[in-house]
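Submitted below is the structure of interest, expressed as structure tokens.
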Amino acid sequence: MSTTRTDTVAAPRRFPLREVILFVALLVAVLGVYGVMGAAYSTRMLVEAACYAILALGLTIQWGYAGQFNAGVMGFVALGGFCAMFFSVPVNEAFWGSELPGELGVVLAYIVGAVLLVVGASRLDRLGVPKRLRTLITVVLAVVLYLVVISAFRDVAGQIEDQAGFIGGLGLPAWVGWIIGGALAGGVGYFIGHVCLGLRSDYLAIATIGIAEIIKAFLKNSDWLTRGTATYSQLPWPVPGPAEVGFTLARALYFSVTAVMIAVIFFLLHRAYHAPWGRMIRAIRDNEISAAAMGKDINKRRLEIFVLGCILMGIGGAVLASFNSLFDPQGYLPLNHTFLVLVMVILGGPGNNLGTIFGALAVYVIWLMSEPLALFVMELVVNFGEGAFGWEAPASLDSRALQARVFVIGLLITLVLRFAPKGLLPEKVKHVD
Amino acid sequence: MNELVFFINNVVIAGSVTGSIYAIGAVGVTLIFSIMRFAHFAHGDMMTFGAFMVLLLTTLFPQAGAAIGVPTPLIMLPLAIVLTAALAVGIDRAFYKPLRAHGVKPIVMVIGSLGVTLMLQGLIRLFAGTGGESLYVDDRKEIFRLALPIEGVRVPVVVTEPQLYLFVLTIVCVVGLHFFLSRSRLGKAMRAMSDNPALAQASGINTNTIVAVTWVIAGGLAAIAGTLLSLDVTFKPDLSFFLLLPIFAAAIVGGVGHPYGAIAGGFVVGFAETLAVFNWSVLLRPFRDSLPDWLAQAGNLAFVGTEYKIVVPFFILVAILVWRPTGIFKGKVI
Amino acid sequence: MPLLDARDVHGGYGGMNILNGVNMAIEADEIGVMLGPNGAGKSTMLKAVFGLLHVNQGEILLRGEPIQNLPPNKLVQKGMGFVPQEYNVFPSLTVKENLQMGAYLKPANVKRMLKRVYEFFPPLYDKRHQPAGELSGGQRQMVAMGRALMPEPDLLLLDEPTAGLSPLYMNEIFERVKEVNAAGVGILMVEQNAKQALAIADKGFVLAAGQNRFTDTGAALLADPEVAKSFLGG
């Protein structure tokens, strides 16, 4: 990427030919899917693609606006999904009716107390304690308190699992979980961003990959909170469900909700992008040193954008989980929830919201259609192999065929980076010659 | 005393095993970092690829090792090293070199390496399936039980054959790397390029050669680490994502660009992991009578459950980034 | 035939020309000095000679052979050495390793040339096992010059070798430059300390706006009142 940009030179208004062609092609593809796969299936595809578009918008502002690479989208998506589940599923009387909430509360109070104690110990040097001694005291205290608290906690968690299964939800409307899911993802993003954003850009990628795996490990193993691998299905919808109005209509209603959300996010982002704040963000991305020299608080701006992106990912993840009506911590995969989103963004056009939405829809359609296609191709290969060489295919061929898609996604990423680094709809609209 | 032996088995030996593997992996990552200035995310998959090559070759010629009394996978390791090194150089030529030629930011290289990760993963799973497989196709995994000549000790110190090979090969790698970097002309040129690429070029050092050599070394080490890990447990195609974080944590702990730091960092992370999942109540057992009740009763005094092992390298990573982003050692960091 | 002969050199970065026709010629065994105000194109010219900058017009001849736009490592092979102004050592390599890197393309030279470089710069011998990054500025400059001398160049390019040094070291470096030259190495250097530099120079080139303003022997330029008024500070 060149450091000199002709950002301020406004391109003359023109007919957005490229956009129109791409979106018309997309529309044709979607209609084709409708024709072949039926309305219920295709509407589901559209809703899921819309959820992915929200995720992709989150990533495009991090990567496209600010040049921050978040390699752990999956973690934020899973957090959102968890919140959607936790706030919307019915209250579990078996838990709330027992004395367990009290015990859990006591343990949580212990945790807060322990944290306060450790923080207090870390400030002992202000009372005249030598710094080395303070560090020693803090570390020892932290280790001991941690062991005590975690023991107590494991105890209560075990009891909850034995007696009540899991603590259940709060029985609130779905949108509460969506909002809090966004907030929680933003909070985690704040923590990670606070640690990494002043450092090399690679460190953020490493740390986000790590946090995503940790979030997944936590959600998967905390049976008392999430039912873990047992999963929880039947998350309620904010619109009438399939049982009331039928699949297609219910999904269409859900789709209209997501479409409105995307429109609102798109509008707000568009405003922000052209506001002084957005210009500042791009100035920092393009030339950090001169932006700093002009007195911009780089790290604060970066943190804002990173947190904003994470919030969008949390919301998108929550909406997606609600729609699937299922919270399955094991179902969160780096491939489906990180790299697919990455491809959507870099293919669509990082930093271009319209391009990102196009990328999300197009890639999701291709992704979904590639599954039967991969199986079909594999079958052809097997038939050819059997016919020509008498080759006996291994049994697990179907699952292996799907792995070929992993390869294709990877290839796509490297090819786009090399041949179309600005995506199909580049951020700055210039004349195409 | 039995508790002490238990500690040796579960912490000293297990920690050395994990530490060695992380160290060998982290050296490769840090070398790539120091020459090409980007975090190579496909490193875990190069390890898997190396192990997969060994698996493939061992399945093809299961009896090869019996002739000289060494497990077949070990015979196949040199071949796998060559193949993995070739793969690494090939990947660089095909995917990283064009990006470098465009002068992209390091983070774009990182994304490119993620693309390569997925391609490798897809290919390996396409051919190897998704399940785990033992590299001991036709051999038996020897297990050595060393009874300690101390009275009252019933539990033996347990070391397996692949672990011994691992320790020996780790030492060989570290010593070899040391001599390569400090004595050989190419090794010095590599350090020179890591110090100051422009001046290295002005001195007539062919930077393309150095880049290729770096990939050969990193690929070879990755094959060693992956194979030894798979020998110790089993070969799993989805190994890489869980290796990535500890290896990067190790490289950053040691100071990015420092091969020796990466080795130390590998052992720091490896031992931290095993210490964190070790159940400390075992060590308290002999003192049961003199302890307060709540402590004596505590059944599980592990810091984290094994299912949360990945938290440990992450915690180390965050701690080091917060307090000493340049690593635990003094000196220049890239 | 001159050792270095640059004729009407034009060049610059990214379409912007900084050099607009520079001419200079140095015989073997001569010291050439480039002077001029900031932004005159002195360092740029040096980089153009060493292939670090694209020359889009004119030619540069080394012993009659055109060398413009050859990559640096080829130029090293043809007998050219370059000492950049900044970042001119490998900080984590020892002094000895730094020097060895200089002779990377001529490994046979190492032993003999190490001895000679230590003779030129005795302080380096005592510090040969220390990382170059730990040395003082003047010693670092010696390492940098030593490294460039290792492949036995016929022409040594020095970019402001005394920048940022104390006067004591400055004199020392000028002395070394004279000694190296006396040993048969042609030198082309950019210098801010014009008077001192011209005093040891056989040829002087005063550049302004990417072109020659004055070209003469060092002594003549030093005596020229116009040069003195505009470039030597009266």
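The chains carry the letters A, B and C, assigned in the order they are written, with residues numbered from 1 in each.
One rule holds in what follows: a residue touches a chain if its C-beta (ideal position, glycine included) is under 8 Å from a C-beta of that chain, and two chains touch if they have at least 3 such contacts.
Being a predicted model, the structure only gives us computed values, none of them experimental.
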Notebook entry, point to check: Most C-beta contact pairs, which chains?
Noted result: A-B
Notebook entry, point to check: So which chain ends up closest to the centre of the protein, judged by Cα positions averaged per chain?
Noted result: B
Note to self: What's the distance between the Cα centroids of chain A and chain B, rounded to whole Å?
What the structure shows: 29
Check: Once you find the CA centre of chain A and the CA centre of chain C, what distance in Å lies between them?
Finding: 56
Notebook entry, point to check: What whole-number Å value describes the gap between the mean CA coordinates of chain B and chain C?
Noted result: 46
Checklist line | Interfacial residue positions of chain A with respect to chain B in the complex | finding: 1, 67, 69, 71, 146-147, 150-151, 154, 195-196, 199-203, 205-207, 209-211, 213-214, 217-218, 220-221, 334-335, 339, 342, 346, 394, 396, 399-400, 403-414, 417-418, 421
Check: Okay, in this complex, where on chain B does chain A touch?
Finding: 38-39, 41, 95, 98-99, 102, 104-108, 110-112, 114-123, 125-126, 129-131, 241-242, 244-245, 248-249, 252, 256, 280, 298, 300-301, 303, 305, 307-308, 310-311, 313-314, 317-318, 321-322, 325
Next item on the list: Would you tell me which residues of chain B are touching chain C in their complex?
Entry: 185, 188-189, 191-192, 194-196, 198-206, 331-332
Note to self: Help me check something: in the complex, which residues belonging to chain C touch chain B?
What the structure shows: 50, 52, 72-73, 76-77, 82, 84, 87-93, 97-98, 100-102, 104-105, 107, 133, 147, 151
